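Starting off with a structure, shown below.
Chain nomenclature is as follows: A, B, C, D, E and F, assigned in order of appearance, with residue numbering initiated at 1 for each chain independently.
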Amino acid sequence: MTDTRANTLDPHDLAALAEAGTATVTTQLFKLGLRNTFLAGLRAYGRPEGRMVGEAFTLRYIPAREDIDVLDVFDDYDHPQRLAVESVGPGQILVVDSRNEGRAASAGHILMTRLLARRAAGFVTDGTLRDIAGIDELTMPVYATGAAAMTNLALHHAVDLQVPVGCAGVAVYPGDVLLGDADGVVCIPRHLVPVIAHPAREQEELEAFLQARVAAGAPLRGTYPPNEATLRAYRDTDRASAAAS
Amino acid sequence: MTDTRANTLDPHDLAALAEAGTATVTTQLFKLGLRNTFLAGLRAYGRPEGRMVGEAFTLRYIPAREDIDVLDVFDDYDHPQRLAVESVGPGQILVVDSRNEGRAASAGHILMTRLLARRAAGFVTDGTLRDIAGIDELTMPVYATGAAAMTNLALHHAVDLQVPVGCAGVAVYPGDVLLGDADGVVCIPRHLVPVIAHPAREQEELEAFLQARVAAGAPLRGTYPPNEATLRAYRDTDRASAAAS
Amino acid sequence: MTDTRANTLDPHDLAALAEAGTATVTTQLFKLGLRNTFLAGLRAYGRPEGRMVGEAFTLRYIPAREDIDVLDVFDDYDHPQRLAVESVGPGQILVVDSRNEGRAASAGHILMTRLLARRAAGFVTDGTLRDIAGIDELTMPVYATGAAAMTNLALHHAVDLQVPVGCAGVAVYPGDVLLGDADGVVCIPRHLVPVIAHPAREQEELEAFLQARVAAGAPLRGTYPPNEATLRAYRDTDRASAAAS
Amino acid sequence: MTDTRANTLDPHDLAALAEAGTATVTTQLFKLGLRNTFLAGLRAYGRPEGRMVGEAFTLRYIPAREDIDVLDVFDDYDHPQRLAVESVGPGQILVVDSRNEGRAASAGHILMTRLLARRAAGFVTDGTLRDIAGIDELTMPVYATGAAAMTNLALHHAVDLQVPVGCAGVAVYPGDVLLGDADGVVCIPRHLVPVIAHPAREQEELEAFLQARVAAGAPLRGTYPPNEATLRAYRDTDRASAAAS
Amino acid sequence: MTDTRANTLDPHDLAALAEAGTATVTTQLFKLGLRNTFLAGLRAYGRPEGRMVGEAFTLRYIPAREDIDVLDVFDDYDHPQRLAVESVGPGQILVVDSRNEGRAASAGHILMTRLLARRAAGFVTDGTLRDIAGIDELTMPVYATGAAAMTNLALHHAVDLQVPVGCAGVAVYPGDVLLGDADGVVCIPRHLVPVIAHPAREQEELEAFLQARVAAGAPLRGTYPPNEATLRAYRDTDRASAAAS
Amino acid sequence: MTDTRANTLDPHDLAALAEAGTATVTTQLFKLGLRNTFLAGLRAYGRPEGRMVGEAFTLRYIPAREDIDVLDVFDDYDHPQRLAVESVGPGQILVVDSRNEGRAASAGHILMTRLLARRAAGFVTDGTLRDIAGIDELTMPVYATGAAAMTNLALHHAVDLQVPVGCAGVAVYPGDVLLGDADGVVCIPRHLVPVIAHPAREQEELEAFLQARVAAGAPLRGTYPPNEATLRAYRDTDRASAAAS
């Protein structure tokens, strides 16, 4: 039930990832040969400040069965869905494998509110949410495929916590780091966080510079990707702004 | 062509449903063994005040055939699509079974405007709409899977009114009650409206109380679902606010 | 690599189309027997003034292969994706056939910025975009199925320019005219532009008149479609406003 | 509940269609501007002699609802599903609109056996069948998307007979003629049967001749489509075989 | 890793289920309120004698990740996929949750051969198989969605054994009983096996009698479902054949 | 219009691939980092002797447009579809990119017959075929997603030959080698043919040996993958059979 990976996450790495964004981070992972790290098809809800970043705490759903998935299962406060919410620690992200089944909600407003109260860093599922209007007001990033009012018991059965899962077609291991922004969510294998975090932030800074040049009329040739002259200009600017600060 | 079910709807029941919302109502129906009442995959358009509630007036589409689905069919003002719009009464909701086919629109701005002028309570389809920008300004709730500019004649043939239909995978009988909010639309079998309306409103009130408690830091244990102590606190608050008013 | 169709486009025709909108234009094409001209399933991004209109410049993608679709392909500034962006002329629209595959982005913020700098009239794909937050701020209309952070090299290989393509299930020939608004995008075969442009604008004007009548309480009968009396009223109004101006 | 179209079908036309086959007949309908007449995605079951041909008797399903779609509905021998089977006349084909929903069967072995005993010409649905092993032994053509053991009540509710329906994306009106072979099923609008039946048979004969020529080594040029010389050769062969018989 | 449910399965019950078939068994489960027990979309491979019946041994796959799902993982003979095959006991059925992802195979000929050598009762997945020609010759029932040559490592990562899984949209708990025939596979919750096994066999016998009557020309009315007279005739025949044996 | 890759294919390599089969070859390509080489979802038709192997000759389809895709386009014997068939050389395989659109056929019996007469090595499409009964009798391997009677002009427009295409989600370049068997079709990049052909045949031979061992009761441990002892036994057997021959 716990993440067995011993290595701790460096807060500076997480901060660097949050400054980089999902497009840049997927490119860094692509360079390492990972082509399937982006959880496609999710939509962002909530009103967070900045990007979502944190380690994954996983919950797995299987299809419901009418005789065991009835409302009074929730009389047991240790029901896996509830236990998952109460186990997510500060800075963690609850990731629910909903098998891309969105005709019933994976969770609702009260559970999202509890996650926020527990200072979770966010919520991600390849299913849907109910009470979406309330969720969309929370100051926590929430990712899902859409909204559906039907109770999760109609189609989902919460079965276990902190096991490797698939979510939106991507493997998510407990302790992996998820990064989310307007493009969606990328899953970074935990051991690669220190490898890519700072290169990602540097790439992001460079691309902001290139973007400004292109906005100012520079052609792609020489600028994107940058040739030596452009890189020199970038480094000069960088140094100048460092000197100015 | 008419709804043969004799029992009338109690306006207090409809008001109670509108106060409850779709998440709560699907739970009430789930308790009665109905697991397939939510029309999944629809998006809300329009600028209504509050939730959509009203009885279903149905229109059925089948696939178009090029030789009979041509523009001049609309020269006949009794064409089923037009007849449907002109038959919907105040407080009713036009439900169009579009077979989940959205590559051509099921209706457009002028028909939606006419429905609003007729004081319809809303419009629901598992297809798409054209002139979506105009529709989105109307003070009427409208639910569809998205927008498409293609005229409905390209893929749809309106065939009959007020028959039982499927819409977004759910059975809708003429006279059933539809309830819509940000989560989407739920279909309530007509004979169950008096059964669930007030319990639904009560559940909604209770859950608002629980939600506030959770937002204030209460754990799920004891609160959601509420144990006796929490229920007592809820009833005390209720009584207090009743006394205050 | 160039559009071989000799006939030039009349700017008045393009202006007329932009005033008409996609719903009206698809109806005009439907009258001519064309039932598959609307690119279904796209969403509008960007903050353009008014509708998108312009001629198509096409780019074709096929599936990627891991050994040839690696990051340093972009060291070649003549890579087809980059060449396409640098070849699109003022008033043209870059149309990318992404085979409806959206798990990797078809393009991102820098390329969209470059298109805007080149005064392109827009961008259309049946795939997704990365850096969507930045793109959504551009003063250029952009249509895609959604957002995805993954680099296009993970799933796409840009293969050739200015060939006929399919996009969102519709044939798009280089030089065809695309029109986009809130409903989405319609493709107008180039030779039909002069045939339908002015009739479309006229239909749009008439329908605005009918819409106002319906909003004011007129029934569909006699109004939509208009009978002789309504048409007379329309022509009188038209003349009156022409006289007043 | 009955087909209102008065015109009777000529048995010679039906025989001609059966000799022509679905590929040829869809081409004849395509020439008349009908591009959506083939019921895609169906598989042939049963051991009929020759092709299926007959007029459509329709049955419409909508989604099931748990409280009304229970096993004892069949205690009523006038349940629409059973009534449909007992109403199909000799030479007719029962067409069931199953909304392309195949997770529950649309019918099973006993109903198919009864249709055969009633000398029905076949059965067509865009859903599935149960007891498929038994059905596959019947000397009646049966078309469905596959097999599923689940009872139809789990997902289907039989609602009415002899109304226009959609089946596999194609409009089927009661009285239309269905033709089926190894390629699948085509729906021929009733009034077009006399128009295309004999031309179809003639096209089939010609193509058999062309096919033999190509098998013998003839290039497509001159043969397919046939030029004047090939057509002359065909007519000579035809006359020769007529003389010989 | 083992099935914790204590109750043993009665071989007579399994035999009765095998005589009943999947259509009858799903109806028995439907009577008990279970509407989602049939694994839709699977195809039967292999050349078994009679129906497949046995208890489920489960294996769970999640999406692959390029850095850890490489060929030499199989150098570890305790890799979960291999361990699963070597753990399945006589009469058990290996059920693999492949997330309905069939672009890479879930297993191949050698593993199926090993299962047969271990006297497994069958194999079921909602994915595909490679070396399908060889598998189709084995005297063991095998169910999958089709064939694909790609190695499972390309898209699948075997993660754990004997946990509850979803397969083809149905919950499968270790120890549940699976029954398979030409229609496909049904999952029977373990505790319901003694409840439905004999009623299912009885229903099957009765329906065979009814089927013969219908084949002989009996109408549905009075026969299907059987009225008292038909039931009496059935019981007489039954007694007669019992006396004769 | 021609394959620009200069390197010729060694017939021994093609023979080795044909002896290896698609499962083995995809594993060889997987070892080289290629995870997307298998054309998923195709079904084998025809009665070939042995496996299909040959180099790809490509044809690209885009969506049809009603005004230009009419029957008399085939009066031009140089129509791209017909030209493609008449350009395919002996031992080549015609690969048609049908955009996974199967509601209209990509080709029919006469064109397949012509390909066979031209001694083509096969035909592959991610679309469907008409006159499937005739095609299934040909002594040529044919792969498609299924059958559909509708003429290709209804949905397809043949646009160019011998360009890189996507087929069933895989990149196919003119001159690549396709290998097909009961599992389906794999695409081998041309330059990798000499790299993998003989290793693939060797792997196949080894696996046949391992398969026999497993069939004889050997456990996976030590056998699959083979440890040193098993490899020694294999080499001994190999040498023995070589000596015996």
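By definition in this document, contacts are C-beta pairs under 8 Å (C-beta built on N, C-alpha and C of every residue); 3 or more make two chains touch, one makes a residue touch a chain.
Here the structure is a predicted model, which is why all the values come from computation and not from measurement.
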**Complete:** Any chain touching chain C and chain E at once appears in the list A, F
**Asked** Given that chain B is a copy of chain C, what angle of rotation, in degrees and a multiple of 5, matches their CA positions?
**Response** 120
**Message:** Need the most distant chain from chain B, centre defined as the mean of C-alpha atoms.
**Reply:** F
**Complete:** In whole angstrom, the CA-centroid distance of chain D from chain E equals 33
**chain B and chain D: spacing of chain centres that average the CA atoms, whole Å** = 38
**Fill in**
Note: chain F sits from chain B at a C-alpha centroid distance in Å of 51
**Prompt:** Can you give the whole-Å distance between the Cα centres of chain A and chain F?
**Reply:** 40
**Request:** Could you list which residues of chain B touch at least two other chains?
**Result:** 33, 35-36, 66, 169
**Message:** I'd like to see which chains touch which, written out pair by pair.
**Reply:** A-B, A-C, A-E, B-C, B-D, C-F, D-E, D-F, E-F
**Asked** Across the complex, what residues on chain C touch chain B?
**Response** 21-23, 25-27, 30-31, 35-38, 40-41, 169, 181-184, 186, 207, 210-211, 214-215, 217, 219-222, 224-225
**Prompt:** In the complex of these two chains, what residues of chain B are touching chain D?
**Reply:** 32-36, 62-67, 99, 157, 159-160, 163-166, 169-171, 189
**Item:** For the chain A and chain B complex, residues of the former touching the latter
**Value:** 66, 71, 74-75, 77, 82, 85-86, 102-105, 108-111, 113-114, 117, 128, 130-134, 136, 146-151, 153-155
